[in-house]
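Several structures are given next for inspection.
Consider the two complexes below, in which subunit A is the common component and subunit B and subunit C are the respective partners.
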Partner chain A sequence: MKKVVFIALALILVIGIMPFTACGGAEEEYKIGAVLGITGFNSALGEPEKQTLEMLEEAINDAGGINGKNVKIIIYDTETDSTTCFTATKRLIEQDNVLAIIGASSSGVTMAILDTVTDAEVPLVSLAASDQIIKPVEERYWIFKTPQTNSMVVARVYDYLSDQGISEVALITASDGFGALGLEELKDVASTWGMTIVADESFDPDDTDMTTQLAVIKGKNPEAVICWGTNKGSAVIADNMKDLAMEMPLVMSHGIANRDFIDLAGEAANGVIFPAGKLLVTEQLPDDDPQKDVLLAYKADFEYLYGEGNVDTFGGHAWDAFTLITDAIQSLVDEGKEVDRAGIRDKLESAELVGISGIFNMSSTDHLGLTPDCLVLVEIVDGEWTLAEE
Partner chain B sequence: MLSLIRGRVKMLAIAALVVLLIIIPLQGNAYYTSVLIIIGIHAIVTVGLCLLMGYTGQVSLGQAAFYGLGAYIAAVLSKTYHLNPWLAMAVAIIATAAFAFAIGFPIFRLRGNYLAMATLGLGIIIWILFRELDWITGGQPGFLDIPTLSIGGFAFDSDLSFYYLVWGFCIAVMFISQNIVNSRIGRAMRAIRDSESASQSLGINTIMVKAKILALSAAYAALAGSLYAYYVGFIDPPPFGFLFSIRLVAMAVVGGLASIWGAIFGAATVRLLTEFLHPFGDIDTVLFGLLLMVIIILSPQGVTRGLGDIWRRLSRRLSPS
Partner chain C sequence: MATWQLVQYVVTGITVGSIYAIVGLGFTIIYSVTGIINFAQGEFVMLGGMTAFSLIGLGLPIPVALMLAVVLVTLVGVVFNLTAIRPAGRASSITLIIITIGGALFIRAVAGLYWGRDAVALPPFSSGASLSFLGAYIRPQSLWVIGITLVLMVVVYLLLNRTLVGKALKAAAINRRAAALVGIDARMMSLVSFALAAATGAIGGIVIAPISYASYDMGVMLGLKGFVAAAMGGLTGVWGVFLGGLGLGLAESLAAGYISSSYKDAIALIFLFAVLLIRSRRLVAGEEAAA
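Let's look at the complex of A and B:
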């Protein structure tokens, strides 16, 4: 009998070693959860997001919290894995009893938790790009997001080109997910901008030579070339175009909005034009830009803590999400209403915020609330990002 | 006499486990329940791996591929082609097992490190297919809105009901595996593990036995994969990649390779470590590795055996000698 009891105890021990954490009665602080891809495939996104959230948590609490009550950010690593993100989200909701959740860092991982937060009725502010996250809006009642979408970037590119009087373009897109989504959108809306696609080529982002595809494009004689890819492949395209003496404008995607592209492409990077969030060219923005003060402050704070030149767009998305949620709590407190999940959701839906990714105007039909003009066109001049003249 | 007592203790332990499994979710915390569901799903895959690695002595570093095949086939058939989810699940299991059986013949011509490399390659190829066949699988962004299982009018859409479903399957898989291990083919499996040439000389068709066990383990993995797809309602490639194959091997090793019931402990230990280490942020992976190392060093035969050793030592000390 003793043995049986022992075995039963052993079983309870192994199965029952659950991460018990204290769950108090009355909440002493406003708890906000975050599920971020800090390790794994998306660590380049999750790390600056985590740093930003920690920085903001400290700043708001040093300033006395929200009407004297502290804000607590609980961050779990998703390992860029949807299974782990799924259980981490359950934990935030059931165990930590958070008011709202920020994340996940990428589209796939966010999709895995849409049903979970909807069933539990917890507001979620995603940091991922895909449009699918917030559409159709009737089914995404509890879901919001802060990064600009692909369709905005494409609209910005076509808008710029038509301003330049260009109507015949050649596409060259990467064969990965990023390039495929870009290509789909570029083709879908070309006619609404009066664009004719004269050539449509693709490239493997790991290839080291793309002159074959570019030679085909050169033969079609387009007025401009649009390249959709991330750093490595895009750098090869820029270089090969110089080799082939292709002089037409080269427009790229926001996938190259970091220093690596300039380092890889070197001399060939000069003259490349691409749309990006304003954070890239903060200092060059005109003084009357409504976002300029916010951008300068975020950049200064972040770089003071984490090093010169380290501020990036992904951290900016987290800044927007955190500020949207804390503003919602603040206005509930100001109105003397109870701070709960449903209240925060309602406030998010009517939120207005001058943020890092743009100026947000949320509504019941738009859970992002940005317009394409939150992106600026950047030209690389002498290896530096320069605000392009329009 | 001794074996009889040991048999009875084992039965009691299993009964205790079953009772415990029924009681645990009644605490009402959906987070615990969801973690236990994931543990049950992973335990089903791990049992298959134990049969293959522990009993038959054949390495597989590509088990996540079968898990993924099960998930994707069930998801695509039930969502895109509106097949009944149970039927889609059955098709997923049979198709994955058939695929594994067929691939078993060429792949088991290899041994040791070469077999490990081949299964590794197989896992990566299938993972790339999940990612690149995006018009079928949804590619990198994933596959959304997978329907859930239901019987008559009752839908398994709550954590609690799905918990009992998964653990029902899990216990059934355990019993089937236990019976296989104790059968003629189970003896053949162990013979192959201990000496392949000797078992061939005894007239065992070693490649056939190995292919059958691979097919069985693939069927378990596909069952688990389809349960996962129906539970979460969304799948994307990362949970079915190379890293998960390695994690499965870790579960099998931690539980004790040649131990059917150990699979539950292995899956539980690995998953709970991951959950427990969430709050440590970016060093959780490092701590995870360290803890696994400690477990393997302290108890190289797996957690189940390690617990058994502690019990024996304790009972020796307690018995009035």
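Let's look at the complex of A and C:
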């Protein structure tokens, strides 16, 4: 009797699991997965990324999908946690059987799934900044990314300063991961741009006052100050420089490319110069800028759905990733080839796209395909972002 | 080394030190009455800054908003004491300290959900450019910070030493049972100390928000620095914590100016380590006396 019950239970178990493991055969729709930091530390990144993907999914399906077949986006929240992201990625690959994955939102979390997608041979388009995600490219056969890297931002800053005839700079960088990465790059390439670093100070983003560090810098008389950090610490620095009557140009990082910085620093934000994606100053771009139409359209669509003034760079990275993947599927369909993971990967590697973050020209040696001129220098004038003259 | 730089480092050190002293004051008040180190003190400071910001956002006149913020945070201190500390009854100090850590995490998480992760700024109390003297600069708001710290120290000192409530608080601190025999309710005194600490914390959060902004997680760093200031001051007297705060602020500023800003954050931890080594016996002794 016991045996019968046992067999019955075993049968139920097998039948119960079957639908989940059954795979193969023609899919009804093109499934693309996404692992985003919608909650937790990266929520400011993950939320607009999710909104962008949902908007694009609806738009492409309303327009008839890809040759009549719908695109389905399956989004999981990583909670900005490597382990959660790893589990979600496994699920996308094994249960949802997706063709490609978008994410994660930040570098640390992306690093946690590189081996998983490589072993499963699934193309991944990351939305995180770090260079290490796609380098060395031999080991990152299946990995691509869309945001500009730190080294491009630094190159753009030094390029701007040397155009202004400035060669003696003081650095003040946050003591967190973001600041440390910036500092490393700023020091590494300073000599190639003919820059002399006369002071190298750091600050804790939670500190209440940075006038001590700035007094040290003031004593060294640099021609410009470069500050690498995110909103809060950077705003204190802009404010403290005004307090100390320091008049030299203040150049900051892309970490302040959002309205909150201006709200925090108020008056002191005026005059701050920083490199950012073109999305910030879309309307001010010259009409012959090849990205202008794409940027205007994305901005209009996003703000129509989610509110005026809410478009931001992070959502733009997701726009690029989605478009790269759907373009790859489209061209496979056009060529009459089978749409599978390997096919999409090959198409991604030769992708050309006028996107939000820049103009992509992917190759087998460059899985990002952007150049530093996808960034523009923005100056805050009267509390508004203004395209800086160069 | 230029003189103006030294002056600037000292000015910054005193400003920052005053902030640490205000935060440390709350630790001292609660510890001297109950023997508990209240690790939610930094959260009271955060609540002060954030609540004031929200109330100003509601359109209240600024002075009204600031005062109302202090009242609201004082209520939070009272509720915290009634819901988290009082039910634990006669639990040991260690248990109560762990409860305050839990309380701090809870308050921080709720604040993060309610206000979000972004920092916010309060308007400065008085406008105008920074004042220059000896080649150094001082902001009007720094003068406010230093002034309010001094006033607060004096008020708390008078309250503890010159009023009946203060004498009752002290009595409960010295010997709970004897105090109970003369009709002082130790639980009431614990409640009063939390209310007072929450109020001073809120004032601290409000005066620093115009210069260093407020955010849901600001209590972590300020709590640590305030605790070091209070521990340096011996955790019992008002003037001890004042000197402790100024000492820490000056040491940090001078170290950042003359050694390297990379080591600045190590200063507080080195001080804490030294204080714990030297004073640990005294702290424990004080704890036994309170029990």
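For this structure, a couple of remarks:
What we mean here is this: the second predicted complex is superposed on the first by the 365 of 390 C-alpha atoms of A that agree within 3 Å, B and C clash if a C-alpha of one lies under 4 Å from a C-alpha of the other, contacts with A are read in each partner's own complex, and residues count from 1 in each chain.
Just so we're on the same page, a residue touches a chain if its C-beta (ideal position, glycine included) is under 8 Å from a C-beta of that chain, and two chains touch if they have at least 3 such contacts.
Please read these numbers as outputs of a predicted model, since none were measured by experiment.
In the overlay built on the shared chain, the residue A:Leu244 is in contact with subunit C alone; subunit B does not reach it.
Within the superposed three-chain model, A:Gly177 lies in touch with subunit B and out of touch with subunit C [touch as defined at top].
Touch criterion not met for A:Ile359: it reaches neither subunit B nor subunit C.
Of the two partner chains placed by the overlay, only subunit B lies in contact with A:Ile93; subunit C stays clear of it. Of the two partner chains placed by superposition, only subunit B is touched by A:Tyr76; subunit C is not.
When both complexes are overlaid on chain A, the residue A:Thr212 reaches subunit C alone and has no touch with subunit B.
Counting the residues of subunit A that each partner touches, subunit B and subunit C differ, and the larger count belongs to B. In the superposed pair of complexes, A:Ala235 makes contact with subunit C only, with no contact to subunit B. In the superposition on chain A, A:Ser202 makes contact with subunit C only, while subunit B stays out of contact range. Taken together, the two structures place residues 41, 43 of subunit A in contact with subunit B in one case and with subunit C in the other. On the subunit B side of its complex with subunit A, the touching residues are 9, 12-13, 16-17, 20, 24, 29-32, 34-36, 38, 131, 134, 139-142, 144, 228, 232-239, 243, 265, 268-269, 272, 274-276, 278-279, 281-282, 284-285, 303, 307, 311, 314-315, 318. Per the touch definition, subunit C reaches subunit A in the complex via residues 2, 4-5, 8-9, 11-13, 15-16, 19, 117-121, 130, 132, 136-137, 139, 208, 211-213, 215, 217-218, 220-222, 252-253, 256-257, 261-262, 264-265. The touching residues of subunit A, when paired with subunit B in their complex, are 2-4, 6-8, 10-12, 14-19, 38-41, 43, 47, 50, 74-77, 79-84, 86-88, 90-91, 93-95, 107-109, 111-112, 114-115, 130, 132, 176-177, 180-181. Residues of subunit A that touch subunit C in their complex: 41, 43-44, 175, 201-204, 206-209, 211-213, 215-216, 218-219, 231-232, 235-236, 239, 242-245, 260, 263-266.
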